[in-house]
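We just call them A, B, C and D in the order they show up, numbering each chain from 1.
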Amino acid sequence: MTTASVPLPNWISYGLIPLINLLLAFFFSGLVVWWIGESPWEALKFLIQGSLGRGDAIGFTLFYATSFIFTGLSVAVAFHAGLFNIGSEGQAYVGGLGAALAALALDHYVPWYVTMPFAVAGAAIFGAAWAFIPAWLQAKRGSHIVITTIMFNFIGAALMVYLLVNVLIVPGKMAPETRTFLEGGQLPKLDWLMALFGLKLGPAPFNVSFLIALVMCYLVWLLIWRTKLGYEMRTLGISPSAAIYAGVPYVRTVIIAMLISGALAGMMALNAVNGAAARLQVEFVAGAGFVGIAVSLMGRSHPVGIILAAILFGILYQGGADLSFEMPTITRDMIVVIQGLVILFAGALEHMLRPAIVRVYQQIARA
Amino acid sequence: MSLDPSAVPAIELVGIDKSFGPVHANKNINLNIAKGTIHGIIGENGAGKSTLMSILYGFYQADQGEIRISGKPILIRDSQAAIAAGIGMVHQHFMLVENFTVLENVMLGVEGGQFLGRSADKARAELERLEKEYGLEVDPDGIIEELPVGAQQRVEILKALYRGADILILDEPTGVLTPAEADHLFNVLRVLREQGKTIILITHKLREIMAITDSVSVMRRGEMVATRKTAETTVEELAELMVGRHVLLHVEKGEARPGPVLLSVRNLTVKDARGVTMVDNVSFDVRAGEIVGIAGVAGNGQSELLEAIAGIRKPFSGEIIMDGQPVAGLDAARRRDLGLAHIPEDRHHMGLVLKFEEYENSILGYHRDPKYGRGAFLDLNAIRKDAEDKIAKYDIRPPNARLRTANFSGGNQQKIVVAREIERDPKLLIVGQPTRGVDVGAIEFIHRRIIETRDAGKAVLLVSVELDEIRSLSDRILVMFAGRIVGEKTGETEEQTLGLMMAGIAA
Amino acid sequence: MEFFDILVSILGSALRLSIPLLFTALAGLFSERAGVFDIGLEGKMLAAAFASACAAYVTGSAWLGLLAGIGVSIVFSLVHGFASITNRGNQIVSGVALNFVAMGLTVVLGQAWFGQGGRTPQVPGDGRFSPIILPGADAVRDVPIIGPLYANVISGHNILAYMAFLAVPIAWWVLFRTRFGLRLRAVGENPGAVDTAGISVTWMRYRAVIVAGFLCGFSGTYLAIAQSAAFINNMSAGKGYIALAALIFAKWKPVPVMFACLLFGFLDAVANFMQGKSVPGIGEVPVQIFQALPYILTIVLLAGFIGVAHAPKAGGVPYVKER
Amino acid sequence: KPALVYGTGGKFDKSFNEAAFGGAEQFKKETGVEYRDFEPTSDTQGEQAIRNFASRGFNPVVAVSFAWTSAMEKVAAEFPDTKFVIVDSVVDLPNVRSVVYKEEEGSYLVGLLAGMASQTGKVGFVGGMDIPLIRKFGCGYVQGVKAAKADATVFQNMVGTTGAAWNDPVRAGELTKNQIDQGADVVYAAAGASGLGVLQTAADNGKLGIGVDSNQNHLHPGKVLTSMVKRVDLAVYNAFKDTQDDKFTAGVEALGVKEDGVTYAVDENNKALITPEMSEAVEKAKADIIAGTVKVHDYMSDNSCPK
C-alpha cells in the first residue's frame, strides 16, 4: 500500500525527518572533504572551534545568522503564499541602498537610535519595491515568479554597481563603495549582550540588527498564524482552488505577500551595511539571499525553525572561514556545496525517507 | 452470446485488495465475468469501482489478489501488460493528450516503429477502417481539446480497439454523454458483444444497467456485495444492495411556504475556459422557504451555473440578483456578506483545505467575520470554541477540532462543510452534490439539515445528479439540458418523465 | 571603421556568444517538454565546463574534455531526476540546489587540485576546440558584402558552434518526427495518457533529463575549452537562466529557440561593443544598462507582450498516481 | 612569522599573485624562514584572513591587491603593534606600509613597443575592473604609443565594474576580438586573470598581446610582444626582509622604473619580436624617465589623461 497519506506525529515530520535529511547533507559534504584528501573529522573540529570556540567567533556566527534570519523569513513568507521567491538576494542588495541613504543623510546630525527607524524603513521599502514588479507580473500576467525574480537579481546587481561606481563612490577611491558612515549612521555592536554570557565580542560585527531580526521573527509568526491576511496567504499557498472558493483576493494577496517578503529581505542590509561594514559595498549581500532558501526549507518556513537553521548556517559561514584558513585546500566555497546539499536533501528530497520511516513507525506503533 | 457457466470466464478476479493510505478502497474482491458478455458494476461514489478496474488495467497495483484472463493467471504489472493481455479501458477521466491530434493519441504507445513518417500512414488507414466498422466517426487530424466530449470518448474507445482489445472496460462512460450519444454508445457496445468481446460497464444509472448488461455486480465501501444476472434482478434490489439497506430516500418534509424572491437569475450565460457555452441564457427565481432542485445529466452546465451564482466563475452575460441586489460584479467574499452560503460540489479541492486542521476549515470563507477576531487578527479561542460546537451539533467524528482535515473520512469532511455553511444561517443556500461519496447515515443527516434550512425560511438551490435526491428534497425541479433549462416540474414528478426531459427529449 | 564592418564584427561576436545559450536552451527544451522543469541548467553548464577543462588539461584532448563534460552534466541530470521524478520532489527546489552544488564544488575541487583560486590551468592548444576556417573563406574575404559575412560571421568558429546549429534541426526532428519525441511530448502534457498507453512515465522522463544533461555537457564544454581556454569560477554567469528565458520566449519550440538565443547573443555582443562608445543623441550609455539589457528584455517578454506562452501542461508537476 | 594574503585571483594566476608568491618563496629560500599565506576566493574573506593572521601573531602581514584597502584600515587599527603592508593601495596608518607602483611608467614602455610593433597603427588596451588604478595603466600606455606613433589610435575597453571583471576571460576575449576586428594588432591586457583571455584571443587571431604584472611572455611564445612586469615580488620580499632585520618603515613607497619596480620583459619567448631599434628606443625612454627628462603623466594625480 502507499504510505503517502499516512499521517505522522509532528515530532517526526518537523523534527526527526529534517534532522536526518540534514545529517545526510553533511555526510555527503564529508565525502567531498575526504575526496580532496582532508579528514572530515579534522574539518568538523575546525568548523566548530572556528564558529563557537571564542567570543568573537560566536559573534561572527551570530552576525551571519542575523542576515540569514532576515532572508530566511523573506523566503518563508512568500512560500506560505505558494510563491517561490528566489529574488531575496537582489531585494536585499537594493534594500541596502535604502539603508545606506538613510545613514548617509542622517549620520551627521543625529544619534544611531534616531537613524535606525529610518534605516529600517529605507531597507524595507527599497527591498519591497524590488519585489513589487515580479509580484505584479505573477499576479496579473502569470509570468513565472521564479524566472522574474532571478532576472531581477541580475538587474539589481547592475543597478547597484552603476550607482556605486558612478554616483555613490568616493572620488579618488579605488573600491566602488560609499563613504564610511559616522556613529550616527551605524548600528552599535552588542558587546553588552555577549558580556552577559561572559564572552568578549572583539572585532565581530554582531550588532543591534540581530534584535531587529528576532522582532521580525515574532511579527512573521503573528502574521502567518494569527492574522486574517496570514490565513488567506496559507489558504492560497496550500490550495488555490479553495482560496477562490473562499473569496481570497488573488492579486492582492500575492502582491502583499511578495512586498512583505521583499521588505524582510531588504532588512538584511541593516546587518551587513549599517551594522558591519558601516558603508555600502558592491556585492555586500554575498549570497545571503540564496542561503535564505536553504534556511527557510530547513526551518520548515517557521520562525523558530528559521532561527535554528540560520544559526546553523551562521556556524557554517563563520566556521567555514576558519576552516579554509586552517586547511587551505578547503576553500570557503565548501559552504556553498553544503548549502546546496541541504537544499537538496531538506527540500527536493524531503519525501525520500518518508515511506521507510512510516513503515518503521507503524511497526513500532503496532508493537 | 454465451452465458454457459461451464465456459472459462474471460476475467477472474480473486481476492483483490487495495488501500490508499488510510483508504481501504478494495476489500478482498472476487469476480467472474463470462466471455462475450456485458457486465455492469454499480456502487456509490468512493465505493472502489474505478480502483478495481484500474487494477485490472494495471494502472494501480493490487496489494493482494490474483487476476486470471481466460483461465490463465497473469501478473499485470503495468498497462503494457494489460494491453498485451487484450484489455482496454476507457477511464472515468479521459487519458488523452489534449494538444495532440486524434491520430497521435491513437498511435501513442503502438507507433509501430522508431520513426513516425510511414507508420503514421498505416495507422491512419487502420483507424479509418475501425471508424467505419463500428461507426465511431472522428476526424483523425482533429485536435483533442477542440473536440466535444462525446468525440473524445469515441477516441478513447478507438484507442482500445486499435490496440486489439478483447476486453473493454468503460468507467462511467455515460456520465458525460447526452442521451443520444449514450444510445449510440450502447449500439456500439452491442456490436462489440456480437464480435465476442467482453465488456465491463461502470455506471451509477440503474436504467442503463437494465438496458444493456447481461450481468451486474454491486460494490459498497470497497466490497463486492453481490453479483446478479441482470434478467433476474430489479432496480429496487440493486438500489438496496448499493446503499446497504432498504432505501426510502424520500425524506418526510412539510409543505413549502414560499416567501419573497431571494435569488433571481436573468438571462445568465456562462462560458468555460475554451469559450464553449456551458450555461445558455438561463433565467429562474428562488423564493424564501423553498428548495429548488436542478436536475440533469452531469456536464449539462449545472456546475457552471452554481459557480457563477457563488461568484467563483465570471458570467459571460446576464444578471444575478440576490435579495434585490445585483451581484454579478461581486466576488465570492462580497456575496457571502450578502447572506449567500455555498456547499461546493468538490469538497477536496474547494470546500476544504485538506492540510488545515478542522477548526481552520470551519471558518473558510468567513475568516474576515469580526466574530472570529477583531481587526487584522484571528481569535483562535473563539474559532475553536465555535468549531467544537459545530462538531457536537453535527456529530462529526472523530470529535477533534485539531485533527488534520484530510484525516476525516469523506462523509465527515462533507459534514464539516455543511456545518460551516448552514450554521451561518444564510439567506440563500446553494448546494452542489451534497452527498457525493457520503455514506447513507450521513446522507440522511445532511438532507434533514437542508430541509430545516428551508423551513427556517431560507431559499435553497440544490444541484445534484442523483435524481432520487432531487426528487425527495425539491419543492420545484428545474431540468437542465445542454446548458438550458428545458422545463420545470414539482417534486412529485415521476422519475421517467424527468429522465426523458434530462435526455432532452420531452418537455 | 564603417557600419558594415561593425555589423560583421558584432554578428560574429553575437554568434559566438549565443552558442552556449543555444545548447542549454535545447537541453531545457527536452527536459521541460517532458514535464520536468530545470532551473538547474545553469549548474549543469558550470559543472560540465569544469569537468571538460580538467579533462582537457590532463589529457590534452578536447574531445575527452567534451566527453567528461557530458558525463558530469548527465550525472547532475540523474540527481535531478532522482529528486524530481523518482522522489517527486519540488523540481525548482531541486534545480536550485544543484546549481549551488555545482557552483561550490567546482571551486572547491579546482582550488584543491590546481590552487588557482578555483580556476583550472590554461588548456594547451590541442586541449581546445580551435576555430575552423571554412573552405574558401580567405578566398572570398574580399568579395563585398557576402565575403566578410562568410569569412567573419559564418566561418572561423569552432566545431561545437557548428554542432549547436546542427542540433536545432535534429532536435526538431527528434521531437516531432520520432516515436521518442511523440512520447516525450505526451509525457509532458498528460503523463496519465502515456502511462495508460503502457509506457513508463518514469523512464520516459529520465531519458528526457539525460538528453538535457547531454546537451548541457556541450554548452559547458564550449564555455571552458572552446570560447576560452580554462575553467573560471562561476563562468556560466547566469547564462543558464537566460537560456531558460529564451526557451519560454520561444514557447518551447526548437527553431524559435534558436532565434531567441541569437537575439540574446546579439544583445550581449552589442553590450560589449557599445561600451565606452557614445550613442548618438544619448551620449555615453553606462555599460550596466547593456549588461542588464538581456534580463530586462526577458522580463518584458515574460510579461506576456509576446502573447501567453503555454508551458507543457504537466510541467513542474511530479507524476503521482496514488495520493 | 611573516604572512601573505593574496588577491582573489588565486596564488597561481600567472600574474599579480604569482609574482607575490615568487617574492615570498625567494625570501624563504634565502632566510629559511617559513611563512603562511592565504588565498581568499571572495572579497568577504580578505578581512577575516588578515585579522586571523594578525591575531595569531603573524608579523608582518602583507596583503596584495587594493581590494583589501578597507579591510586593512580596520584590522591595522585593531593591531597597532603588528606591521602591515598593502600593495597597490594607500592606507594611512603608522603601522602600515603602502607599496604603490608607477604603472604609468611601465605601461609607457610597453606602449612604446606596441606603437612600434603595430603595422596598422591601431593598438588596443583591455582593462579589468574599471577603477582609477587601471585607468592609470591605460593612460601611461597611450602616452607610450603616441610617443612611438603620434597618429596611432588606441582602443580602450574595461571588462567590467566589479571584482568579477578580474575573472572573466570570455568577455575580455570578446572585447579583444572587437578591437582586432577594428584593426588593432597589438593588445595590452591589464586585467588579472581576464588578461589570459586577451592574450589567448590575440594569439588565436595571429595578433600580439602584451602581458601584465609578472612576465607572461611564455604563455603564448612568439605571440606575446612583451609584459609590463610589476615587481610585486620585491614588495613582498622587502616587507618580509625589512621586518626581519627590523628596518620596517611605514608610509607610502612608490616604485617606478628608477627603483626597478616596473619594467618590460624580454626573454627567449619574445626576443624575435623586439627589433634592435625597438629595444634601442625603449632603453632610451627608460633612461629618460629615470633622468626625469621624460615625465609620464599619472592618471591618479588628477583623475584625467592628457589627450
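Observations on the model:
Criterion: a contact is a pair of C-beta atoms (placed from the backbone, for glycine too) under 8 Å apart; a residue touches a chain by one contact, two chains touch by 3 or more.
Per UniProt, the chains are A, C = Simple sugar transport system permease protein; B = Simple sugar transport system ATP-binding protein.
Remember, predicted model here, so these are calculated numbers, not experimental data.
Work out the mean CA point of chain A and of chain C, and you get 30 Å between them. In whole angstrom, the spacing between the mean C-alpha positions of chain B and chain D is 77. Chain B and chain C have Cα centroids separated by 47 Å.
With centres taken as mean Cα positions, chain D sits 35 Å from chain C. Multi-chain contact residues of chain B (touching two or more other chains): 20-21.
Within chain C, the positions touching two or more other chains are listed as 107, 111, 118, 288, 291, 322-323. Multi-chain contact residues, meaning those touching two or more other chains, occur in chain A at positions 2, 4-5, 161-162, 331, 333. Taken as a graph of touching chains, this assembly has some other topology, since it is neither a line, a ring, a star nor fully connected.
Every pair of chains that touch is listed here: A-B, A-C, A-D, B-C, C-D. Considering their complex, residues 39, 79, 82-84, 87-94, 96-105, 107-109, 111-113, 118, 238, 241, 244-245, 248, 286, 288-289, 291-292, 295-296, 298-299, 302-304, 308, 320, 322-323 of chain C touch chain A.
The touching residues of chain C, counted against chain B in their complex, run 177-180, 182-183, 185-186, 189-190, 192-200, 313, 321-323. Listing the residues of chain A that touch chain B in their complex gives 1-7, 222, 226-229, 231-232, 234-235, 238-239, 241-242, 244-249. Contacts from chain C toward chain D in the complex involve residues 1, 5, 8-9, 12-13, 16-17, 107, 111, 114-119, 121-122, 130-131, 152, 223, 227-230, 232-235, 237, 269, 272-273, 275-276, 287-288, 291. On the side of chain B, the complex with chain C involves touching residues 20-21, 57, 59-60, 78-84, 89, 91, 93, 95-100, 104-105, 107-111, 113-117, 159.
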